[in-house]
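Okay, so chain A shows up in both of these, paired with chain B first and chain C after.
Then we have the complex of A and B:
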């Protein structure tokens, strides 16, 4: 299984871990951390949007949040997925 | 105005989010030295997202890319140039006019591909070697994109085989050279960073010196340095009063179809008016043209 990470646990950041899963499993998102309770649905939506825009259909995403804004979350998810796909240096 | 340009580490969401709130004239989102080799990709993506959706207030936004001797610089440019929030790029280790031309060509390709007017993205050149300083005028005049030249601090000192002293003796000639080369080429001379972030008195002393040399601003590595630098650039009441009088007299002369006039017994011609206008710009009383 191909796994990759991006981000940190610093303030206003998040650590995103992604793992490629078998075809047909779909997108699974797990969020923990400081904003997980209040903003979970918004964060899930943003994560799902980024993953869909990258054409990925089967993936496990785990987000450890430390107050990341939408913009940061999107960047970290994109970076983690790109690393998983091996498409970026 | 480019009195202060604040470096923000490109992989630090906290600073990228809050950077514009500290009141600097410009921001430098840093993809080079502030980013670990293992995080070049994530920083580039993060900076790109901020350029796409981030808030920068009235700051002039630049991105310091990695040097053209690395594998990263083209990817850096491709990631940041397409976004309107970007005003320019800060290029490290510019040694000669050829370096500027190489970056200029790559910028033109990206601008053309993205429907951006070719030539829009400015280049801020960091001259961090003895060779770079020696070629300062050629670099500053190598492309109309060049907006400023900036001497290096640590890298230049290392290249000179000396060390950074409290007085900055080793940088003195390079700083004078920067001002002459930049002014001759019609670009801004901007000073290197002041590394001792808790030494306010030292910063003020250095800033007064470089302002007197003719520098238009300074790179900043800590938000606390911004008000000190702005304060040094702030004209005195006397300077403002005199400048207002000169600009008013020049306007009056223009209305009457005259060239030079006399203010307080001194002839006022175009260079004097320009200097007076610059004083009023620094005082926030006149918009930059």
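Then we have the complex of A and C:
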């Protein structure tokens, strides 16, 4: 299974871990951490958008958040997915 | 169910709290005609020359403490305190149950109380809850709601008879055998004993717990033999490392320094920046930096202040030594320098919480205050501030002097970053209100200074300064929204787990149980 990570656990950042899954499994997003209680919907939406824009259909995404804004979250997800696909070693 | 003056829904009756009085406005409620409450009349056998008993259990027995009573504590030993746990452990072993705990504040060191809450030794808390106890309460771990009062609201409640203290336990860094105590001497020295004074005056029985017995009469005296009934010596009342911190440091974070700089500019532009200015800044990173910037400005303009108030740090002690303030009025000494200074310098005065902040006496020190710098977890477009609940809705902080200083000071400033992590500190409506916008004059963030439109005089004074960084509230809140994105609501149940009183005893807001 192909797994990759991007980000840190610094304040206002997040650690994104992505794993390729079997075709047909779909996009699964798990969010934990400091903003999860109040920003889960917004974070899920942003993550799903980035993944869709990259044409990925089957993936497990795990986000450990420490207060990342959407712009940071999006960049971390994009970087993790690119690493998973071998675009950024 | 009725709405108070801020539009918050408050039930007429809250189980475990009683009938509620609705908040009507910061200065609306006056006490009914009547007399102050008081403790029992005492009489000591004239042959008794030593009030000491063998140990804590003997003190509890002698005090007459029984199940269902109210016990009070003060928090000057902060996170180093041994006394609260020591007394409640002993009560548990003696089979005493259903106690109402009435502390001036609790700290992380008191998380041990959770077992006593679960076993029914403590059935009610009137006072701040934080950390694990706050989490437990927020999730419904207590049957009756916690009652939160400010540093001034608490003595008001005692003096006016809302709360009757059966036994007050006072941690005494120094005591003699006849009950004269003080906080500035001894291995567990904590400086001011300000919060304990009202308890000593109004409790039915007062127990001094000490680890430093001195020959009679011990001096100096903070609380005298007149109100102390029992003295008990224990090996240690606290851990010095947790009682006082080292020198408190000014923040080095450039963002916070910028906020402090803006706050200082606001003070300098205000009509209060003149000879005799008085201020309170507490011990937080930003407020301390404001003090540092103000010091420079005072030297530059040749201005001297009259007094510094509240919790005192080494930074304030420096101002006193330099002659930049004439007096310090100290209700709580935060660090070693402050403890040393209050013991040595007669211009550094110990004041009680009643003196500091009670709205219902012949005049509290906060009324004499020009400027206060405060924080808040969130502020809304009506300038209402919340310091009690966190973003997830958990009740994790006490009120402290927030309400009292805001109500008393001529210029009340809330200074803090616009976002903490992703969580905005400025919102459309705060989750729970601690202090009404009626007494808050300005919010200072890294984006500039936002002045309450109510203070047109202040707006005019600031607009007269060229290039003054004013930001309207609408702009600030829309910026916060844009950066943080939409929030999900906090999910709660109907049950009320916390009652937030305004300093006059009316209910300003309630806090609901979190949905698991």
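Assume the second predicted complex is superposed on the first by the 88 of 89 C-alpha atoms of A that agree within 3 Å, B and C clash if a C-alpha of one lies under 4 Å from a C-alpha of the other, contacts with A are read in each partner's own complex, and residues count from 1 in each chain.
The rule is short, and it goes like this: a residue touches a chain if its C-beta (ideal position, glycine included) is under 8 Å from a C-beta of that chain, and two chains touch if they have at least 3 such contacts.
Here the structure is a predicted model, which is why all the values come from computation and not from measurement.
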TODO: Using the superposition on chain A, decide if chain B and chain C clash or fit.
DONE: fit
Task: Which of chain B and chain C A:74 touches, first, second, both or neither - done: first
Task: Partner chain(s) touched by A:83 [first = chain B, second = chain C, both, neither] - done: first
Open item on the list: Applying the document's definition of touch, where does A:54 land relative to chain B and chain C: first, second, both, or neither?
Closed with: neither
- [ ] With both structures superposed on the shared chain, find the angle between the C-alpha centres of chain B and chain C as seen from the C-alpha centre of chain A, to the nearest 10 degrees.
- [x] 80
TODO: Report for A:35: first if it touches chain B alone, second if chain C alone, otherwise both or neither.
DONE: second
TODO: Could you tell me if A:12 is touching chain B, chain C, both of them or neither one (first, second, both, neither)?
DONE: both
Open item on the list: Just to confirm the value: shortest Cα separation between chain B and chain C in the superposed three-chain model, in whole Å.
Closed with: 5
TODO: Could you tell me which stretches of chain A are touched by chain B in one complex and by chain C in the other?
DONE: 11-12, 68-70
TODO: Spell out the residues on chain A that touch chain C in their complex, using ranges where they run on.
DONE: 11-12, 34-35, 37-42, 46, 65-70
TODO: Going by the contact rule at the top, pick out the chain C residues touching chain A in the complex.
DONE: 391-393, 419-423, 483-488, 490
TODO: Flag every residue of chain B that touches chain A in the complex, lowest number first.
DONE: 11-14, 17, 40-42, 45-46, 48-50, 52-54, 71-72, 75
Open item on the list: Using the touch definition from the top, list the residues of chain A that touch chain B in their complex.
Closed with: 6-8, 10-13, 68-72, 74-76, 78-79, 82-83, 88-89
